[in-house]
Amino acid sequence: ENSGVSAATNQPLVIVQSPEGTYSENFNPFSSGALNGTLGPIYQTLFYFNLIGTNSVPLLATSYAWSNNATTLTVNLRHGVQWSNGQPFTSSDVVYTFNLLHQDPALDANGIWKSLVAVQANGKYQVVFRFSKPSIGSQWWILGQTYILPKKIWSQIKNPATYTNANPVGTGPYLLHSFSPQEYTFTANPHYWGGEPKVHTLEFPAYTSNDSADLALASGNIDWAGIFIPNAKQVYESRNPANNHFWFPPVNIVMLYTNLKNPLLAQLPVREAISYAINREKLYKVGEYGYEPPASPTGLVLPNNQAWLAPNLPQKDLAFQYDPQKSIQILQQAGFKKNSQGIFVSPAGQPLSFTLNVVAGWTDWDTDCSLIAQELGKVGIQIHVNQEQFGAYYSAFTNGTYQLGISWTDPGPTPYYLYSALLSSNSSANWEGWNNTQTNNALQAYQSAETINQQKQDIYPLEKIMATDLPSIPLVEGATWYEYNTKNFTGWPTPQNPYVEPAPYYYPSMGIILTHLRPKG
Amino acid sequence: MINSQSVLEIDNLSVAYPSSQGDVLAVQDISLRLNKGEMVGLVGESGSGKSTLAFAIMRLLKNGAHVAGGQVRVNGMDIYQMDDEQLRRFRWKTIAMVFQSAMNALNPVLTIGEQIVDTITSHESVSHKEAFDRGQELLKMVRIDPLRMRSYPHELSGGMRQRVVIAIALALNPQVLIMDEPTTALDVVVQKTILDQIMELKERLGFSVLFISHDFSLVMEMVSRICVMYAGRLVEIADKNTLITRDHHHPYTQGLMRAVPRLTAEDIEILGIPGNPHDLRNLPAGCAYHPRCEFAKPICRVERPRTIVTPHHVVECHLFDENSEVEHG
Amino acid sequence: MIATTSPDGPSIRRGSKISTITHSLGRFFSDPKARVGGVIFAVFILMAIFAPWLIRYNPQSTQFAPWQSPNANHWLGTTGTGQDVYSQIVWGSRATLAIGIGAGFVSTFIAIVIGMFGGFLGGWIDNILATFTNIVLVIPGLPLLIVITAYAKNAGSFTIALIIGLTGWAWGARVLRSQVMSIGGRDFVTAARLSGASSWRIVMVEILPNMMALVAANLIYGSLYAILAETGLEFLGLGNVSQITWGTMLYWADAGQALLNGAWWWFVPPGLAIALVGGSFGLLNFAVDQYTNPRLRGKH
Amino acid sequence: MRHLIQRVGFLLVSIWAAVTINFVLPRLMPGNPAEVLLARYQGRLQPQALHALELQFGLSHKPLLTQYVGYLANLVHGQMGLSISYYPTPVTKVIETSLPWTLGLAGTSTIISVVVGTLLGIYSSWKRGSWLASALPTATTFLAAIPYFWVALLLLYVFGFVLGWFPLAHSYSLSLTPSWNWEFVSNVIYHSILPAVTIVLTSLGGWLVGMRNNMINTLGEDYVVFGEAKGLSKRRLMLVYAARNAILPNVTGFAMALGFVVSGALLTEIVFSYPGVGFQLLTAVENEDYPLMQGIFLIIAIAVLLANFAVELLYARLDPRARREGVSS
Amino acid sequence: MANTQFISATNIVVRFPVNKQWTRTWIRPVNGVSFSLERGKVLSLVGESGSGKTTIGKTLVRILTPYSGDIRFQGENVTNIRGTRLIRYRDHVQMIFQDPFASLNPMRTVEQHLLFPVRRKTGQRGSLLMDHINHLLETVGLIPAVDIRKKYPYELSGGQRQRVAIARALATQPEFLVADEPVSMLDVSIRAGILELLKKLRDQQQLAFLYITHDLASARYIGDQIMVMYGGKVVEKASAKELVFHPVHPYTHLLLEATPGSAFKGPLPETQMAAPDLSEQRRGCVFAPRCPYVMGTCREEEPNLQEVSPQHWAACHLVNTGA
């Protein structure tokens, strides 16, 4: 019996985040090239906030509290945590980490120090953050997205931005064990504060193409993956229904961005007409292989954000209708007429003819766009799909030089994050160029809303604006890819038990999942 | 004229090249014997089939050319009956050949020495060293510095390469040496030097030579018997003396003899043969030479002349037909 | 086959221009390789020309049930998004062949201009052009294409053909140049110059016709290279993947994991079509080689 | 002396041009690497991060000329900068870890392809007329026309996945530790079989046909016929006389091919998840990783130049005519 | 009418680069050659292969430009002319190339070869032009012209080609012609016809020739004077008959003795057969290494061309000192 357990324990857990090519040694949590597993399994944040549920998980901190009209955040740290080199973890590490972001703006990817003023230790286990203005919105960045570093080690490092950190010392459940460009492995941290994880070894093999990775996954060589597989039921699950499972939970909204600087798109009837003419079911079934159901007009990711849904929204704000006839009607009412080619022309004589930007090679979106073009063409709106390399595609958004574009939205543990990125007039992701006082006020109010109920009150008007004014047009929910194999391990997040966001590329949830997993047998 | 000492016997040999209009005979019904130690000249204008005949003797026909009839025997052995290995051993050991374009006959990437040595070791089981020494001897024989064994062909002048080829040809003491225009590409001075050497070696080693050229005067200086080819046929075979002493010949032979300018004559004169050279694909009926022949008779246009054999003389011409008795007498 | 040797390589029978051409074509196609290559190529060219009449459904339309194996309605089955594979193959032949042949022409043209004039004029012009050619030769083709295609956003078939042509001429230029230098040194060129011909006339009238075989080979080879390069680019998703070509078909088949889904009818036909067209180019090139080089002609 | 200067001059100009093109090309691409990186974190990275990333990567908005000078200066010191997609790993390190695999896989298979193709080319010219000899060029011509990623995918699917005979990815079983023992080496070979077969299959045709054509031309050369006439063994004739000369025109092609080994296996490496440079290059392009792109391009350019240079030396060994300063005196 | 100094060359030197692996040296295949020619006269140039005959011919028609020296045509210095002057000069001079296989364009018919030069010379079009071409072809004995016109070079025999090349050279009605071994490749059977033709042109059209050959017999047959070259130097020059009957230079002797059918019998004197040294650093007489009568001075000092008897020049220490 004993031997059985140890055999299973010895079985490594094979993780493929996505085919990314060979590895280069880098376990620096600040680095964009940090290898999968750095964030979460090795380095930890203070808290974890679930994007697909409502729960949060205390990690290096045990509790936090806002005060002074949401300008002070007090965090109590966990006692008895050790760095993997045996040093104790204290508030000085936390203070050091945040000050490091201040000293080197290159490391402050989340812009925390925009409103943060000071970080102070209050004893060994308490840290106080002070802000220049109400900053509830910074909570996730500070507690959930900043990985704490050991001061003793990192203060010796000259340039933290370019440090590759070949021997990472963290507080997380795993330790780096071996590295080669084609694979690196982790082993369980015996002194982990939450107890030694049950899965002893993690393997991260490198794959450069979907082809070989998919084949490897289908043949059961991979235990946990975040790979997009078309037709996953047939290709993956049906090959071994007992063990091969997948779950692609939604986490954000795929949006049809409408550049409001365009005089035609600035007109609500045009946006409405577009929205009515899109068959979202078809996008869901054909373009997205049935993985991404139609989005909610509110822009909320449902059911994750069910609790945030305003109670009194009319039906038309709860679900999109596909109604090409209505689309035509709206346009006609607004004074648009069809020209000889069957394209609607504005009263000012401009035809409804747009380019729709999409990234070449993102095949599901590419299909979506050609479907949209077909559908809109039918009602008299001409669409040219413009497939671009990512760089060009992305700069068109940031420079506002596009007409229509399909892209993602930035999610967070509350809808605030999505709305603030999408709609705030000073957000750099407000690609459509929405500028509306009511919107700004609501976002502003949220910053000081210390309780959930208050926060909800601030979010509700945003939902209404989203649904009725269509600043941009939600299409489908954006899924994350998550395949798991239950042959050797159990304890996976499932639709029934969505305790964290499950894709292996979502940080820091990976560390939490790993502590839940246990070998079978 | 049957000679028991003949080493090479060619009987009614015909060689055909394929062409779009069917096979074309480049060599037609040729019979020839080469005696031991004899040097025979083969003349004829360009394209008359001299080289083709030489290749047929070596069984080296290429490009679809094939023997369309007749036999080639060496020491009584039919070379077209030999198997590959027999043939390989026969070549060079019995008959060696200096190619028309001997300057290009050397492998550019091997040294002269290697090429001489591989010739010897392909046929005789001797050590490399021994073969090499023999190679040096051969070079000395053709008056090339033995140190040249280590040179590559491109490092030698055309004349030297030509002599190296001759040295290779003599490497195995063959009984017969075919020399296909061995000196056309060379200067007169070099030509003369080389030919003098060949004559000397022939005297010394006693091989027979078939000497091919279209330079009548050159052949006349060298050989004891002359064969004249026209349009694939052997139109005349005559001993040199017969040729010089008698002025009755095949009209083509006469034309050739006349065309040789005498440099030191008081008034130099160069006489050509009027008309155009033959085209093998469109040979006229009857005697192929009749369109250019000043003595052509009606019969020449329709009937091919038969071969008239007399001692020291073979000819194929209607003119001789009637005179054959006279010739006998 | 008949081996007629002529010392001057390509031989053209006498007679009127037309019969000259038909005759040499006749001789060219008397080679079985040329015949097979010609027939395959012709089939695909006809397919491209008559594509609108040959297709059975709109090749873009996603209206059918996905993942159907070949059947009476869909001769080559349907894709994972419910498109008719047969119609896509037929339609795809247009862009694929257009890009291939177009790029072949572009690169051959550049190769002729740069290679021939450099080689003929000599001097510093040649030095510069030759150095330039060698530099272009040193730069790896496919990666360069990848970079440039990434730059030329949303590259349609025309752009791709142009890019492939613009990057793929160097080898041809080098070959043509050396050939021009060898022909340019021949006495007949000197003779033409002696009779007062201009450089332009010498290149176009005296030299170029002697290099037709080489130019043809360059064109054929250039087209083959272009088709393969194009497919490679599109497979990597660098072309316009909403356009239907054999390359994008492979791209979608790969993205849709056709093989894992057992949908060989989606993955195999585009590759085979490319192989057949490419192979026919290869055979034609082969035949050109043999046509121009009597020695290469077969034995009986 | 003049000649030497000319050649070195050309080498320097080529390198300079390659380096400059490397500099210019990536900068022509729209967008910048920081933006591209955001794509990798689709929705997981805040827009503010863009600025932070630009700072990290030291993307300068300085005038191009200044950047260019800095770039050249760095190159001279052997610095290629930090890779962006593997930030902050130095480019040299990235190349260092991937280059050996590419050289091993693509180098070996190119050499195999060249050797096998050449041998088959020799065979198919020597045995001209036999069905195999005529089928070979045709068959390989078709093989060469197949897109090689297509072959790769089919092989991977059939032999790797369905039959399970070969591994699906990587250059060795990851459970092994790289070391120079047979277990590891054989494992590496095992992993390289499918990719290598892909490369060999699709590149064989070119060599075969090229060699065959050269061989047939060479077989018609006088020195080969002369060799045959000399009674050399078939083997020697075929290898030392015909093949040795026929291979010469292909040598430049080999040089180019060897130079392009680095970039040639790009798609194959991607399909087989083989950790080579080809894949890195694609990553670099997709991520607009200028430094890495520049580094790889530079390596390729230098590889091609070096291969050409090496071949010039080799050529002199193979072809004595190229050795101008030879023994000749 | 005869114009002395119709064409003259003075001290012509031509050099070619020889590239070694790392260095470059120069050879001088023509090294200080002088002669002049009158209208309607023929100068035969003989010499061994590689002695610089073709090079000098090409220099005269300015395909090559001499390194030093002077070429004058009807008093005009044409040594270094370029552009339109060169093109005009070439209207007066022509060359028949040594190799009839290389000097015709395999892709063009006989007619196409002649069209351009004739049209350029005469400005004729249409049937007039055709008549002219027919006439030209008949002149060189290519009969029937109508048949020959449409043929491609590969359809012609060597002799026919050689005659097409001659026709082309005559098409521009030159006054001076370099005929570079126009019969070297021909059979005895057709050789005579071509020589006859050249002779006729000389007599009827007052054409001046440089007739290049290494065959002494034809040189004597056609030339008024014979000039013997060896290793880039003129070693002897005299009237045709004088040279054949009273050769002076050892190399001329050698040539005469080696010619098949010559009256000289017996072996040639033992000499080395090395090719002459054409390098710029050479000292002494070019022929010294092969000369059976070589003396000390020969290896040190270059002999000059000197008149040994009236209208007979030779460059040899033996003769010069002996005389």
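Going by the order they are written in, the chains are A, B, C, D and E; count residues from 1 in each one.
Convention: a residue touches a chain if its C-beta (ideal position, glycine included) is under 8 Å from a C-beta of that chain, and two chains touch if they have at least 3 such contacts.
Treat the numbers as computed from the prediction; the structure is a model and nothing was measured.
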Chain whose mean Cα position lies farthest from subunit E:
A
Tally the contacting C-beta pairs at the B-E interface and at the A-C interface, and name the larger one.
B-E
Euclidean distance of C-alpha centroids - subunit B vs subunit D, Å
54
Any idea how many Å lie between the Cα centroids of subunit A and subunit C?
46
Roughly how far is subunit C from subunit D, centre to centre by C-alpha average, rounded to an integer in Å?
23
Numbers and ranges of subunit B residues touching at least 2 other chains:
63
Identify all positions of subunit C at which a residue touches two or more other chains, and write them in rising order.
150, 153, 236, 254, 260, 299-300
Looking at the complex, which residues from subunit D come into contact with subunit A?
29-32, 35-53, 55-56, 82-83, 85-89, 93-94, 97-98, 153, 156-157, 160-161, 164, 168-172, 174, 178, 269-275, 279-280, 283, 286, 288
Help me check something: in the complex, which residues belonging to subunit E touch subunit C?
58, 61, 63, 87, 90-91, 94-95, 97-99, 101-109, 116-117, 120, 150-155, 165, 168, 171-172
Touching subunit D in the complex, subunit B uses residues 58, 60, 62-63, 84, 88-93, 96-97, 99, 101, 104-111, 118-119, 122-123, 150-152, 154-155, 165, 168
Listed in rising order, subunit D residues that touch subunit B in their complex are 220-234, 236, 240-241, 244-245, 248, 318-321, 326-328
So in the complex, the part of subunit D that touches subunit C is made up of which residues?
10, 13-14, 17-18, 21, 25-26, 28-30, 128-129, 134, 137-138, 141-142, 144-147, 149-150, 153-154, 157, 161, 205, 209, 213, 216-217, 219-220, 256, 259-260, 262-264, 266-267, 281-282, 285-286, 293, 296-297, 300-301, 304-305
